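Think of it as A, B, C and D in the order they're written, each chain with its own count starting at 1.
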Amino acid sequence: MKTITVRYFAIFREHAGVSQESVELEASTALDVFEQTKGRHGSPEPAAHCKVAINDVMAAWSSPVSDGDTVLLFPPVAGG
Amino acid sequence: MKTITVRYFAIFREHAGVSQESVELEASTALDVFEQTKGRHGSPEPAAHCKVAINDVMAAWSSPVSDGDTVLLFPPVAGG
Amino acid sequence: MISISNTAIPVDELRKQMAAPAAGGFCVFEGWVRNENEGREVQRLEYEVYEPLALTEGEKVLAEAQMKFPHIDAICVHRSGLLEIGDCAVWVGVSAAHRDEAFKACRYVIDEIKTRLPIWKKEHYVDGDSGWVNCERCANVAHRHTDPDTEGS
Amino acid sequence: MISISNTAIPVDELRKQMAAPAAGGFCVFEGWVRNENEGREVQRLEYEVYEPLALTEGEKVLAEAQMKFPHIDAICVHRSGLLEIGDCAVWVGVSAAHRDEAFKACRYVIDEIKTRLPIWKKEHYVDGDSGWVNCERCANVAHRHTDPDTEGS
């Protein structure tokens, strides 16, 4: 089990009701974190339509996560 | 013979030393006017690189000219 | 240089900042808040920006533009917070020796900014409803459980 | 709308004039007087404009842009007279619902303006010489009788 800080943005934050929380997960990749927190962020979009960062660096969904990491879950962006 | 008012612009005007003059020509097209006033406007550029207007309307070099017309000879443009 | 601003973007000042005696072409793109989106009347708009990553990703975009179009100079400012109809949400200015690079670099920057930066836009509609842009289906499934097949995009 | 101005182009006011609640994208191109052209140091610039035809041809260009990109709004102002380094020689602003039309229409307008309007540019160089742009060979053959083959373009 790893302790991961998960941060939710925009619609994910609204759905989760918190902007971040600490969770215990059996997760080896960022995608695992996304899938295992689905009940929190509520994304009906596949991960491919969303983005992820680990410890404030943009990452791939296949990027490994370590105990103590902060994983930022970004719903589809809409700048401009 | 036709009486044509010829107007010169930019480098053509500087070369001719006047901005317009009335000339008597055996000219049937705008191109004839351009060619027969070469000694005045001094263009070493072929007419194809220049533009022409007749009576304040943009024209083709093949456009006919009539007695009393004003022909405007435009060197290569450089707006912007 | 990219920055995020919580107040009105100072467009006139930004333009002056870009003055350069060797620049012959200057292209600006501004994104304005429209009163309508996909058939719904918009009243105001809210940008949420995750600034640390918006800045690093934005600087990457500008560096890429400078690799593709050497000798350009570029500035981008993106708004955060609440915006009204007509407000400038994003400003991208590019100066270059000639216009071709100015246009192409400006277009490159805004296209990448729109799709890569962690920025989200919530529209507040005249009818009192609201929704996150690009996330209509999320919004609907999460909160209203309507059929995703009936949604636009 | 196109106009010719013998004084500084009021860029800030023009931008404000283009405000429209349905416009989501605004693209501007400005041509600035550069301090250099084809390796020669420029001191100032002089635009000669044949206004009656510059206006009718300019309106044609704007109408064409509106045919190609419906629902855009466009303004163009071109300078005449003496300009210093850094001065704005031409301003083209296009607003549209979306950015693609704004960029494309703005580019169309400036490209056509540059090649179709009866406007001529005389460069005054730091070394005291001067020359009409696009007409170097004319200038040289007419006044200096140098070999046209040695000229740039």
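In this text, a residue touches a chain if its C-beta (ideal position, glycine included) is under 8 Å from a C-beta of that chain, and two chains touch if they have at least 3 such contacts.
This structure is a prediction, so every number in the text was calculated from the model and none was measured.
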item: Centroid-based (C-alpha) most distant chain relative to chain C; value: B
item: Distance between chain centroids, defined by C-alpha means - chain C, chain D (Å); value: 27
item: Chain B and chain D, separation of their C-alpha mean positions in angstrom; value: 24
item: Chain A and chain D: spacing of chain centres that average the CA atoms, whole Å; value: 50
item: Interface hub residues of chain D, defined as touching at least two other chains; value: 31, 99, 110
item: Per-residue overlap in chain B, given as positions that touch at least 2 other chains; value: 80
item: All touching chain pairs, where touch follows the definition stated at the start; value: A-C, B-D, C-D
item: Chain C-facing residues of chain A, complex; value: 9-11, 15, 42-45, 51, 53, 56, 58, 72, 74-80
item: Contacting residues of chain D [partner chain B, same complex]; value: 31, 47-48, 50, 52-54, 57, 78, 89-90, 110, 113-122, 132-135, 137-139, 141-142, 148
item: Complex contacts: residues of chain C adjacent to chain D; value: 11-12, 15, 19, 21-36, 85-86, 95, 97, 99, 102-103, 106-107, 110
